[in-house]
């Protein structure tokens, strides 16, 4: 038995202790973060407004959902709703308590999201699988309805849409593209760090245990109810902050309808294509979802301009995007992150074995 | 009182229409444990193909048959290029694949058949008839009858043939199903083909009600709570769930709507469904998850 | 900083860039396709027949938005810097949510957005919303025109008293926009104002119409969106409500909205700033010079002269005229957004000018100013005869803009206060 | 090479999981028609993988045969649809009780007969045969299989496979979790089917003593390679093989005891 | 033999008409190894499930360490120090071996959610401490080589070991093992037997174990309880049970 030589472990999944032991990780990540900050000072408006900011915010939402779905195993279609809670709560805090510093308002918005998450997470104590997923739709339809229905939430504007009062922190105006980018990036960095702490700790491990087999988790002494609700709370906290950023740092103004079911799908899609149960996966998935359509559209705009009918070219793009999704899922069901890891390993072994 | 009755009957009839869409989901879920998000796109595609043929001058029956053939061909292609390659993957992965599929189907539909809005006339007048104190539409009655017939025949088909049990076997454990010779590809083609048929029926009836247009894909939103209540695996549950949702939604809109400011039916069905789940975690007729240690 | 760079560059550029944020796929493609065809056909007409605007030809790129906010924003960001040295004079967001998301961005970039018959009503006040132009017909004007049309049928505004008018609306910010003015008008004229919401997407309305059957209103004002309209008409017929007593709003008034309702749609009316029909002079010219020569962007010839096609033409006319106006001050060259803003705010299309363009009857007489980015405020009433729309109103039905404007200014001021905006002074000319 | 080719030939097969884990590194074995061959080896040696490579169920676990050939009755069966193989008479009993949890015990068994498309009557006969072997299943016939005990599930899995009326059975750890009486029973069934109906068996089994008692030929695997093979009776006698690869000698070998 | 650590009195359990357990009573003495044997479907696993609260018995009482277990729930049982392995491996499939074992330590965890989130307070020291415990157990069961493997990809036999490690790592007072040696060859069974003996001897862990290999049972256990059709048909020393004619006909047959 002990004579059995174990080959190198396949590294397709993020497991808390494996992550914790990353050696190159911190340095590389610090470098990456710095690079992102540096990027802020070299790129053009278009990059902030159309690519970097939405990419970061959707990655953040993906991160939040990944905690819930990828780590704790509770698939949710209520992401849009929790984003809307963040947006509307933050809006009201900014409006009604204008003296609070911006980060505090964001955190309060996140806390309301957490509260909503806990309330709508309660059914998870009894319901599992797609039934649970479908039941999160109750949140998805109820919360945006609430914000749309009662004018108080949008301060009785006729249009029902909310827009950010001036974004100021420590006297600096964060309403410029660069300001909004830095605000977003900083929020993302901090929340990612916290999420990282969580998933590499006993908490993350417990969530994953519940995900993989909840009876066994209970037998091992893991408090199931507490952890499920905690995962809903923390995930919704992050998602809510993403929602507030979406409203104020990206679009500038939103109404409840822009947090519809499609948004929930997009975020779910991000984590599945990026890699469930992987922090990097949320970023990779977000990049895919935000960048690929833009890429396709830019390429085809330059390639086929005039050659084929505009409408048909749009349809082809849509088909292509759908086909890409299916293709990548077939190629690597564990997401692009796993695909990258494998490619990296191949590359490392390259001269030796194909 | 008659107002109440009328609201109730209106709701019930609407509920049947929801069931019609829900059945498509049930079929595929039964067969593979997949929550098929592309069902809505299939409804659109079928209806669009049918009207396009009709507008090109085809007769009703040939148009119907050709559409059906197209849907079955589509089912075979889906099995070949998507499902087969994804055997044994997690539910969520499969779910997402169907989402990708829906992009493809919608894109294809619009690529070949355009994006215009079409009228679909099935030749049934939508004229109200008075039944006692209440008004009922002939069309709605027909729709209800169609849905009823469909449910009964499908239930019989799946409960009294080998296919039914084989499908449940596949959904339970595809590996084991293969190991004893159940042909996944064949069965998947059958089920997706039947789901295509159901999509066609739903597409025709919904299309006649609201026109054949992109928003046909949105009818799935009405089907989801129906599924939750009825259970993802029960065809009969789809009809019971549909009636329950239709009726409660309609009554809620009238009697709760004033209280809460209207539009409650956006979420009411989901909340009803959720309440049901808390009592029966697998819907009324769904299979309970089995976990033995 | 951006515009100054470009005004220099623009003087060298010979052509005017005019990006188009289209939606040719997705949920709203059926309306997008004819709209953009109308738009593009008119631009081609300007280029081919008139040799450009005072010799400055137009050229454009498309980017697809699928009518989604994020894609719209991305598109705007992609094109806003102009192309080949030619700046963007005007942006047409074509979508209520997109236009709202762009409200502040357009101010920062100094690019006017034209939002005909959508967008914030209070952006009529150009002192607070310098770069948003809800030209022609706001939702408030829409509501008021419908009431005035009913008054006409009934034989005068005093006859409105005691009438029951129900508004069946799409339950969204768009749908709710008319609640305030209707409330106000109901108080003014003494009719009963009933509001009935329909949740998105509105493919099932039995409860709403059961309620209408119970309340028995005299008229129904239908503010639908997408599939909600045909379903409403069908359900109305099913529940025995007379279809010719339903008056649709702008976005319930296209061929695409009624055709699916089939035979029961006959008699249904709608108010619109985009009259349907191919008899207008300019449409004849488009037919002769563009469509018949195979230059049209329109794939489905049936749509020529439809509400959506005409709306594209109308929007293009207004854009072109605004650029023309701007050229009158800044010179015959591609203009910047800031210059086009001036053009828009000083745009005046009287009967005479409209006749010259060939758009009399198609576009209502219009006069914009800093305080008034709407300028028109009238609509025509269409009635569906089972095949096509016919104009049944006697010319343009005017709204009670004088009554409503103060309310609008109040709301604009409140917005300014919330956002900490100092309104521009009204320095008309 | 005039002699007829053996019933089943596995030649130099390499198998990989997830394009990364090399589980078989060139396994070759043969099985004559009507033979009973045992595959032995420690945990992780590759027994299950060999069986799955033959039945082609390896595909469903994201694995694949990257090299080598597998022929059955003279035909190349590499990469064939597993269910097609079943209808030709090759069935595998998966390791680890793969029952259909939502179906009843009886429904589970009946699914095994579908591949033959038999009449209800014939199916009933076959069912009785299975019930005669495993009376325990008859008692639990209406229970959902997922709720039955571990051993009962194992019986269901074996019974279900036998319902296909196979000519070649790949049995993966049949004795796992079964009470001693039932283990004996299963091996008796193997012997009986083999003798009376000429069914061939390839069985992966941890209980080497038992397996060698019933098999006529055996292969020993270690880390994906065949390290020894021969007639079962001979292998059973070769102590060094037993000690090195099969863990311990005869049943009489020292057991850990208390005190 | 010392006094009873676990005493089971008159426990009955049924599922929709199926009597899984009928009036079962016996004691498990502190420090002993008690084997539970019986034909398939006799109710052995069900009994373990009742002991640690996965199933709720219809009737009967359980006493653990002198205290009555009124409403046993899995987590409560874990907190009291009852560890468990399962017949069908119930591992956390997508975690590594190490993380599976660490998860077994939850009942000892003290650091709060917030401490972990911000990496403050007890978070770091606890993680370090847990890591040591886990590594010890992994070394003890000789699976270091697989420490970073995803459990789902391990062969069955190794998975059983990991499960044992997970149950063992928190040093339970009572360890319930459901067929820990299924699917192993003779050597491997001996190895596991040795581990079990070591645990029992060195850590004074009381063990209840289900096993079908009668040779192992005889060699390992102090006390054997035999179930058949949900009833207890034998209870005594290994030798006594082996000589019990009921047991022979119901379970062993004539082979042994």
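Per-chain residue numbering starts at 1, and chain names A, B, C, D and E are given in the order in which the chains are listed.
Just so it is clear, a residue touches a chain if its C-beta (ideal position, glycine included) is under 8 Å from a C-beta of that chain, and two chains touch if they have at least 3 such contacts.
The chain list, named the UniProt way, goes like this: A, B = Branched-chain amino acid ABC transporter permease; D, E = ABC transporter ATP-binding protein.
Note that this is a predicted model, so its numbers are computed, not measured.
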From chain D, what is the lowest number of touch steps before chain E is reached?
1
Contact-pair count is greater, between B-E and B-D, for B-D
Rounded to the nearest Å, the gap between Cα centres of chain A and chain D is 46
Mind checking the centre-to-centre distance between chain B and chain C? Centres are C-alpha means, answer in whole Å.
37
Interchain centroid distance [CA atoms averaged], chain A/chain E, Å:
40
Multi-chain contacts in chain D, i.e. residues touching at least two other chains, fall at 21, 42-44, 147-148
Which chain B residues sit where two or more other chains touch them?
106-107, 110, 115, 221, 261-263, 266, 291-293
Of all residues in chain A, which are in touch with two or more distinct other chains?
1, 4-5, 10, 12, 145, 148-149, 215-216, 219, 311, 315, 317-318
Okay, in this complex, where on chain A does chain E touch?
1-2, 4-6, 9-10, 12-13, 15-18, 20, 194, 197-198, 201-203, 205-206, 208-209, 211-213, 215-224, 230, 234, 277
For the chain A and chain B complex, residues of the former touching the latter
69, 75, 123, 126-131, 133-135, 137-138, 140-142, 145, 148-150, 215-216, 219, 261, 265, 268-269, 272-273, 276, 311-312, 315-319, 321-326, 329-330, 333
Would you mind writing out the residues of chain B in touch with chain A in their complex?
29, 35, 81-82, 85-86, 89-93, 96-97, 99-108, 110-111, 115, 221, 224-225, 227-228, 232, 260-264, 266-267, 270-271, 273-274, 277-278, 281-283, 286, 289, 291, 293
Would you mind writing out the residues of chain E in touch with chain D in their complex?
15, 18, 33, 38-42, 44-46, 87-88, 153-158, 179, 182-190, 193-194, 197, 212, 214-216, 218-220, 222, 251-253, 255-256
Residue set of chain C touching chain B in the complex reads 24-30, 32-33, 171, 195-201, 203-204, 206-208, 210-211, 213-214, 226-227, 230-231, 234, 237-240, 256-257, 259-262, 264, 299-300, 303
